[in-house]
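Chain naming follows the written order as A, B and C, and within any one chain the residues start at number 1.
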Amino acid sequence: MTASSARQINLVGGIITLLTLIIAILWAFPIYWGIVSSLKPENEVVRPYIELWPETLTFEHYIFALTETQIGRWYINSIATAVGATILTISTSMLVGYALSQLRFPLRRPLYWLILASFMVPTQTLIINHFVLVANMGLLNTWAGIILPQLINPVVIIVYKQFFDQVPRDFREAAVMDNAGEFRILFKVYMPMNWGVTTALAIVTFIWSWNSFLWPFLAVTKTEMMTITVGITQVSDAFGVYYASQLAAAVLAGLPVALAYLLFQRRVTQAITLSAGIKG
Amino acid sequence: MLRNTRRETLVALVLIAPFLAIYGLTFVYPTVAMVNLSFTDAPLIGPGQWVGFDNYTRLAGERRFDTAFWNTAYFVALSVIPGTFVAMVIALGVSRLTGRMQALVLALFFLPYILPVSVVYRLWDWTLNFQFGIAMYVFDIWGIERVPIFKTTTWFMPAVAFVTIWWTCGFSILLFLAGLRAIPAEIYEAASLDNTGRWTMFRRITWPLLWPVTALVTTIQLILQLKIFDQVYLFSTGGRPNDNLVLVYYIFQRAFVNNQGGRAAAIAVVLFLIVVIVSVLNFQLMRLAERRK
Amino acid sequence: MAEIILDKVSKSFGSVRVINEVYLTIQSGEFVVFLGPSGSGKSTLLRMIAGLETIDDGRLLIGGKESQTLPPGQRNVAMVFQNYALYPHMTVRDNMAFGLRNIKMAAPEVERRVQDAARMLEMDALLDRRPSELSGGQRQRVAIGRAIVKEPAAFLFDEPLSNLDAALRVRTRVELAELHQRMNSTMIYVTHDQTEAMTMSDRIVILNDCRIEQIGTPMEVYTRPASRFVAGFIGSPSMNFLKGSYKDGAMTLLDGSRIAARVAVPEADTYELGIRPEAVKVCEGEGDTKGQVKVVEHLGERTLVHVHLSDGSAIVAQDGGRSQVQPGDEVALRFDISELHLFDSSGKAWHAE
């Protein structure tokens, strides 16, 4: 390779890197634009030219959203249902994952097949009967009703099973020699040894639950029981067609999950790759 | 390993009991009930008469089902392959970066995936707003005529596909990056000692080694996009939902707008079967590919 | 501290016998090593005593108590695992206390035992660390400490030194021997490393192919191996084996040389002559046989000379540290006939008187 061809390759590499950076900025631009617009007064928002930074920075739309709408109530609903769904999903899935990985019992294989089968079933097609079920149980417009169908999350079980499978057999045997019963082995040895994956799974389960739209949209008809994801699009009367207010509400709805991601970036990406069946 | 079979079965039973209760209630029972419902003329809630395959045969000649089916197919075609391609190109670019720079750029690409669909809707509804959207100013600058994108049938599906790619691409990028990291550096070093050029390097080394991830990403996207509803529903508010119908949307309409539980269930069963068949086919293909290796 | 008796103990995995009717009595306070190549069943036998594998048939007595059906925790034995299996999320203290807390031992007693063990192993300062903050040798000691606190009837070690580097292994070997002397407790130790077996044990149990080949003190198995397998397995460099026929007090080797052998074999027949390299000397003048030198290994205090006899069979001889022998030389070899062994075709051994 001659010096000039080496330089040429470096040049091409540099251009590719530069392009990647430009695309990355353009990619995130709509998010930036939404945030910036939400910080402008309404008359500035609709100015017929591009203004990348507000001339007058204002939080009036946020104050409006937080005081004049039910967004606070929706926040509580979202937090309660997302936290509830997360705790229930993680705890039940961990127990099943442990049983599948470590215990021998009749019907273990059929159980495993049932879980794999539920991967293929699109929950969106079950909405009719979920609705009938939840309605018959009298759980429409309740937190429990919003949570219930969200508990089908076979991926969490499979990831747990894989992690428990990877724990060397020595640990189990050492614990058995140490007189630990099954429950102590699970709660004192296997669970603490896998805190990392539990955290990761819990964060993404929370994000998935917070973001779920179709089911909470169906299960709730009263505005005060809506989750924030549904609320900000369904109750437009509250804002009129004030773009900045709508955007402020959207920013508020996206903030918790965006923060969760930015704070736990590594955990989130780990859990996402794990959930796709790739070892992270 | 010495095992006490009876005790172990008992413990296992205790551990899986909560799961069994939940899955029985929210998965097994609704699935059976859905199939059952599809053979009746029941409303959304309440009993109905057994009508056999009537609900299915009626689907065959129905205009709305036709629209929903082909729109779904159209949307899948617009989003899956292009989405995979875009994700791969971006992942290749991101993988060239290192350290904090890579983390930052990856975060920019990944952030949309984390957002709820309604936030995505608000952002793009604003960006592509006919009157004030920043994209329209760009159209003006380039001399393109403004279009009310989500109110125009021709533009609707491509635009929703575009927004969907923007929204979900981060996930695919992540998988591609994991795949790229799994390719050992020695292979590239060996290849560069063999005087391999950039394009040959990609075509003969990166692409074949990345193929399993590409197949995985495509499949996940395919199964995901068949179930499209949220974006279509949100972007067609105030527009023309009947022209933009997709299968899940149609289920929703029949069940919750027309109060026809039985007929809605029939559509649900059809979609259910499509997704299951695609999943099984894909599973078999993957197994076949694995065996050939 | 207790006696351990295996009485006609057997085990199968499916249709494959992995332990076949083993009888073994381990005295109280004895340090016994199970030695054998991989797949010989030595680990399985240890795990059967621990309770980690079932005993299909026969009886296991630990301190006089029938234990073959007891769960592992109730057999009053402690085990040190090959990879230590230290709970990574617990401190050293919690690692050691875990087993005691599981049987609901009173907290002050737990603490006393942990402190005692820590003092004995000189790791008082490490009690609040986690395994990831310890060196390989320190982890090894924690694993031993976890066994000590249980004050068990017997300690079981499953190849505990195999993860340490060479220097540390030698040091830990000595420490373990000291520990045994100080605690004077029954220890069973599994290894495939004959140096560990020879240096530490009171008695060695040599296993091969799911059977016990020989039980004896290190010197017994070295000087009077019970079979061709033991003779070849123990000792490094390993014993020389030469084919030949025995008649009237002498072996005739394939190269024609005759070696006087005072061995009480039952009948004249073809045998294999076994002799360790240190009993074959390079000598001046006429020896028992002669051959051409192929390789010379200078080890400092002695020299190993690899020789090919005229019939092509190879033999390793020993010479002094300052040996002048060169590859290609013709050398004469003298056998120390008091250290001869003969093996018949079934592998049974007879020793020179």
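Methods note: a contact is a pair of C-beta atoms (placed from the backbone, for glycine too) under 8 Å apart; a residue touches a chain by one contact, two chains touch by 3 or more.
Only a predicted model underlies this, so the values are computations on that prediction, with no experimental measurement involved.
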Please list the single chain whose C-alpha centre lies closest to the global protein C-alpha centre. A
Going by C-alpha centroids, which chain is farthest from chain B? Tell me that one. C
Could you work out how far the Cα centre of chain A sits from that of chain C, in whole Å? 57
What whole-Å value do you get for the distance between chain B and chain C if each is reduced to the mean of its CA atoms? 61
Using the average of all C-alpha atoms in each chain as its centre, how far is it in Å between chain A and chain B? 15
Mind pulling the residue numbers of chain C that touch at least two other chains? 51-52, 71-72
Could you pull out the residues of chain B that touch at least 2 other chains? 1
Listing for chain A: what residues touch at least two other chains? 173
As the complex stands, chain B meets chain A at residues 1, 3, 5, 7-9, 11-13, 15-16, 18-19, 22-23, 25-27, 29-31, 33-34, 37, 44-45, 90, 93-94, 96-97, 103, 105-112, 114-119, 121-124, 126-127, 129, 131-132, 134, 137, 166, 171, 174-175, 178-179, 195, 198, 213, 216, 220, 223, 226-227, 229-230, 234, 237, 248, 251-252, 255-256, 261, 264-265, 268-269, 271-272, 275-276, 279-280
Chain A to chain C touching residues, read off their complex: 168, 170-171, 173-181, 184, 188-189, 192-193, 195
Note which residues of chain C are touching chain A in the complex, please. 50-52, 71-74, 77-79, 81-85, 87-90, 98-99, 102-103, 146
Touching residues on chain A, where the partner in the complex is chain B: 1, 9, 12-13, 16-17, 19-21, 23-25, 27-28, 30-31, 33-34, 37, 45-46, 48-50, 88, 91-93, 95-96, 98-99, 103-106, 108, 111, 114, 118-122, 124-133, 135-136, 148-149, 151-152, 157, 169, 172-173, 182-183, 186, 207, 210-211, 213-214, 218, 228-230, 232-233, 243, 246-247, 249-251, 253-254, 257-258, 260-262, 265, 268-269, 272-273, 276-278, 280
